[in-house]
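Some notes on the structure that comes next.
Letters A, B, C and D mark the chains as written, and numbering starts fresh at 1 in each.
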Amino acid sequence: MSHNTFGHLFRVTTWGESHGPAIGCVIDGCPPRIPLTEADIQPWLDQRKPGGSRFVTQRQESDTAQILSGVFDDGDGPVTTGTPISILIRNEDQRSKDYGEIARAYRPGHADFAYQAKYGVRDHRGGGRSSARETASRVAAGAVARRILGDGVQIRAGVVQIGPHRIAPEAIDFDAVPGNPLFAASAEVVPDWEAYLDGVRKAGSSIGAVVALEATGVPAGWGAPLYGKLDTELAAALMSINAAKGVEIGAGFGAAELSGEDNADEMRLDLNRQPVFLSNQAGGVLGGISTGQSVTARVAFKPTSSILTPRQTITRDGEETDLRTKGRHDPCVALRAVPVVEAMAACVLADAFLRHRAQVG
Amino acid sequence: MSHNTFGHLFRVTTWGESHGPAIGCVIDGCPPRIPLTEADIQPWLDQRKPGGSRFVTQRQESDTAQILSGVFDDGDGPVTTGTPISILIRNEDQRSKDYGEIARAYRPGHADFAYQAKYGVRDHRGGGRSSARETASRVAAGAVARRILGDGVQIRAGVVQIGPHRIAPEAIDFDAVPGNPLFAASAEVVPDWEAYLDGVRKAGSSIGAVVALEATGVPAGWGAPLYGKLDTELAAALMSINAAKGVEIGAGFGAAELSGEDNADEMRLDLNRQPVFLSNQAGGVLGGISTGQSVTARVAFKPTSSILTPRQTITRDGEETDLRTKGRHDPCVALRAVPVVEAMAACVLADAFLRHRAQVG
Amino acid sequence: MSHNTFGHLFRVTTWGESHGPAIGCVIDGCPPRIPLTEADIQPWLDQRKPGGSRFVTQRQESDTAQILSGVFDDGDGPVTTGTPISILIRNEDQRSKDYGEIARAYRPGHADFAYQAKYGVRDHRGGGRSSARETASRVAAGAVARRILGDGVQIRAGVVQIGPHRIAPEAIDFDAVPGNPLFAASAEVVPDWEAYLDGVRKAGSSIGAVVALEATGVPAGWGAPLYGKLDTELAAALMSINAAKGVEIGAGFGAAELSGEDNADEMRLDLNRQPVFLSNQAGGVLGGISTGQSVTARVAFKPTSSILTPRQTITRDGEETDLRTKGRHDPCVALRAVPVVEAMAACVLADAFLRHRAQVG
Amino acid sequence: MSHNTFGHLFRVTTWGESHGPAIGCVIDGCPPRIPLTEADIQPWLDQRKPGGSRFVTQRQESDTAQILSGVFDDGDGPVTTGTPISILIRNEDQRSKDYGEIARAYRPGHADFAYQAKYGVRDHRGGGRSSARETASRVAAGAVARRILGDGVQIRAGVVQIGPHRIAPEAIDFDAVPGNPLFAASAEVVPDWEAYLDGVRKAGSSIGAVVALEATGVPAGWGAPLYGKLDTELAAALMSINAAKGVEIGAGFGAAELSGEDNADEMRLDLNRQPVFLSNQAGGVLGGISTGQSVTARVAFKPTSSILTPRQTITRDGEETDLRTKGRHDPCVALRAVPVVEAMAACVLADAFLRHRAQVG
């Protein structure tokens, strides 16, 4: 990962600010002859799209992905050519609001102060480069990554905790995620969670959440020790998502309370004399290499810092002030992170597949 | 990070297996004219050294670091020359035990199966490349990184949880760490923890733990969004440590339960009209860039899977068997991870410093 | 350099095909607060633009660069923000000619066969990704690199040989380049060269050439041995230009005939007691590091393979055939390479500057 | 390529100074299960070894390579394990001569001044890091690369020009190289060249040379446009060799004098209806991708600057002085570069093979 590029062989470079003319990404290293059109990308973007429910920002964006390169139709339909795939997404709702205040004052909990401290300048409009809007590029790249992985690898994520409300591990049901506006990994919790989140929203407040991830169908052998471990790459990719504050693989922090007996996943042979594990505390990764079990991870997201209550802060000019974030905001940014978590995992896995194929054939 | 190299400008490549003739690392990109001798490295290695107490593996290693290149004494004492620093650490205690059983059977919870699945071959002696022995190279590199950072940046870590026993956040005292064999970040807990860990050890069992990290003196502006974020780099570096299963920055998973009001660290000016934060839920990083606050993180470690109780497993030849790990082992591998956590943080910070200097001057 | 990205800290990723909707690049790692608008880029693109004279392809392109990100006007004019600069150049003249023949038959000397052999698919329209059209992205990136380098570093190139016609080293005058349509580094040769090239053009043939490069104002110390040497990076960057077949630094192949006495540039002190060299066989680079002398290089370009004479070739379907390239073509592709050579040198130098600043401060 | 590492997937990091305790390299990314012992490496090192004839430096080094990691014998002989291969070569002949003079004065034509200007310090003993001694590490890495490539790819190099004496292209015979101390690619020239070089040697002078390279058996499809082109990677790898000043692919600078008709290699089908080229001006690379023809290149080397005639120079302390290089030196450094040229080509090709396999399978 280097600044605005991630991946080693499946490399994604993203660019663009929240309120510039467009955002986008360039995907390099994609294998050739993979059928690909905008229709393969758009459904994933539609999932992440703002404006879909009252629980996410009301910014209006069609988030239409346009492929500008790297795909060619030689008669049998558009396929990747092995050259860079450039994807462009226009920004449409660059609301002409007055940015005077946040141009001047640093929003607490936002990247404003840090960008200014680093660069001495920042595009303050809507968060500029640090806006969650950039994650649309990740989702587009993830759609391409899924095409590389094929149907054998299934990647799913869902919200498993909002504030104090948790879904018990055994109740997690990723099939429930597409059917509810909260991306909750359980249909049962939705009414309660909606009520809870409506309360947060109406109070002009916000709340954190945890997203769980599961990738099935990952064969044993992906990941490259010691610094390109599959779990290391996943941790980096997931932690790079806006508002992420923690990443766990398998048992995660729970492993700190486990004994060696409980933690080590025992092995037997199945009826076909293939290896099976009797548990999955490891989250499908041992020594940084996939084992053939499901790869599981969890990501903690902080609440958005854009809230209606005035907060103490300072200005660029060195004055103390109080700031209240006006306008649209997400009561729980983690909801829209669900497709992003999936996308980042898809990119990491596609990259791991290519790297493994390179070294081992 | 790519396979066995990490870092972008301060680049560390490590090599070596547990029972080969030696392990070591090559450090590239170190600034020139930094005073450096083996004496700057050895104390950190001595901290991590096995055999130091009854709570860590009884393998006997002097862990003597030898600098083979990149340092030159032109009359004023040895200094770095800007060329690669090669560090060699001989393996001394390659006990000639019978590896027949673990050559054949996969130790549950270990990397054995995964390495074999990936490479079709593995150096099974003492875990080969996946052995924690490799972390000595990281500690050596971390010692060099500290020299780059200078005394202004202080990096400290300590164990804050062993199994069910936790140190309350307000009781964490990194000054206590060097004074006890458990690397515990509180002197008070030591007697209880020793008793607890003696029980684990005598039972031939093992237990997980959590290590906390704090880096003070990091100026605002380090880290490069979006995929070279400081927290992203830290997450990757820490997750790459053997047995790590989770990483948190600042409030971490706790942020999932915070409201926007509680999470966003408010700002004021101090008496010198410099920015101060009234809290540090962010862990010193906003938008992937350091803010000038302390950088804080936590890492969860699983228990070692080498335990005395026989466990169900399979062999390379496709037979079911039961395996009991004989010989020396760590009841809590996380203890020896404390210097490694510090070292990885030092490397990440030195790299971030150089990258920041490159782009911003 | 990795596939479609070059540079280490000043990183340029290019994308796009000759006959797709657009081409472009993403520049990452640019320092912040550098004044930059499209007007800083356009003049360099205009130099390279096709259709400018009878000696270059008659394709009509305005080559208008649009900056989509990474620049922000906070009141004092647009400046770089340190985030990725995405530059888009629309393709306008995608002449709807019949590509049937070259879709099927490999043009000898072109990349057609190689792309097909590698990828099993290729965008054959106008050469697709291998078209010289891509070099517009390089020129745009080079314009940004020049802004980083500032006025102190001056980078100039010119044609010094076309076919058998050479400009003697002592007659090279880079000031003459902008004033003639042949980019010749001497005003005197222009009438003869025009007559010669008119003959080549009318014969439907083409001819190779050599471009010389000189960068003045490069301070001593840039370049990083051993594999990031300044001359190594230059060689790679220049060899990556379409049709390049050879690169020399300083005396180049001529050094093979020099004695040690003649080759080693002797040193004295100038009136300010600063080091001066009495010759520059080294081309401004020793041990891979700039010496403060002018950095000089030469690049050999092959003739374009698109000629009117029918040539023997084979088809994708494994048939022998003869092929005659119809339509517009360059009699000497090297002419338009002059701004590209300058641009690549600018990118390499900007990158070397940032890398040096990172390591040495 | 980044500082002291080259390659993307087959990555080689070298370290060490001429007069330190040792030099060496770490090879990362090597495929597993390739038989490898020191005996596979040593013969190549022996070729490059100093002290072999009166035409190369009389330094006495056994250049014994020791493999420290990455190879394991599980009963069927030592094979690579997919983990880093660390190779160590001790420096033996660190003659205790007085370095006082060259510690102070910059040798004209050497890297002394440039290193000092960049780093403010340099290991002056025997050239330190810039010594040709480092190329032993490259040769060791090249030996491993050859094992990856297998016997199907044959890489050969030889001297084709010394000073004014050239071997005509049609007379080049790589089979002659191992049989003469000049690495000349023709047995016929040897007596004359020996006489010529004896003259140079006795005069205490030195002379440049050109080395030609040919790799046969490279399948079509290797190399990755646009910035990882096979010819670009080769150019960088070859230009990174000490004393290299120019690199050509195929017709090279000669292409500047070719017409399009002569330059474009025509294609026909052979008796098996496989593509054949009727010439090889391209040097086996089109659009940066191998075509299945032999890959051919040439490298120009400057004469060593260590000569007996006193040369004007300056000192570190800013004084003018004259310097005469005492002690052993090479009359023509290019001779010993022949195995290095081969080794770098082997590394580039192994890397290209892995990259191609990653993307295309």
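Keep this in mind: contacts are C-beta pairs under 8 Å (C-beta built on N, C-alpha and C of every residue); 3 or more make two chains touch, one makes a residue touch a chain.
Note that the structure is a prediction, hence the values are computed from the model and not measured.
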| item | value |
| --- | --- |
| Interface copy of A-B among A-D, C-D or B-C, judged by whether over half of the contact pairs recur | C-D |
| Self-contact between copies chain A and chain D, residue sets same or different by half | same |
| Identity of the chain that, by mean CA position, is farthest from chain C | B |
| Degree value of the rotation bringing chain B onto chain C, based on Cα positions, nearest 5 | 180 |
| Centroid spacing, where centroids are CA-atom means, of chain A and chain D in whole angstrom | 45 |
| Approximate Å spacing (C-alpha centroids) for the pair chain B, chain D | 38 |
| Chain D: positions in contact with at least two other chains | 2-5, 14, 29, 32, 82-83, 118-120, 129, 225, 360 |
| Touching residues on chain B, where the partner in the complex is chain D | 2-5, 11, 13-17, 20-24, 26, 28-29, 32-33, 66, 68-70, 72, 74, 79, 81-86, 88, 103, 118-124, 128-129 |
| Residues of chain C touching chain B in the complex | 9, 29-32, 82-83, 225, 354-355, 357-361 |
| Touch list for chain A against partner chain B, complex | 1-6, 8, 14, 106-111, 113-115, 117-120, 129-130, 134, 161-164, 200, 205-210, 220-229, 231-233, 235-236, 239-240, 244-261, 263-269, 273, 275, 278, 281-283, 285-292, 300-307, 309, 311-314, 318-320, 334, 356, 360 |
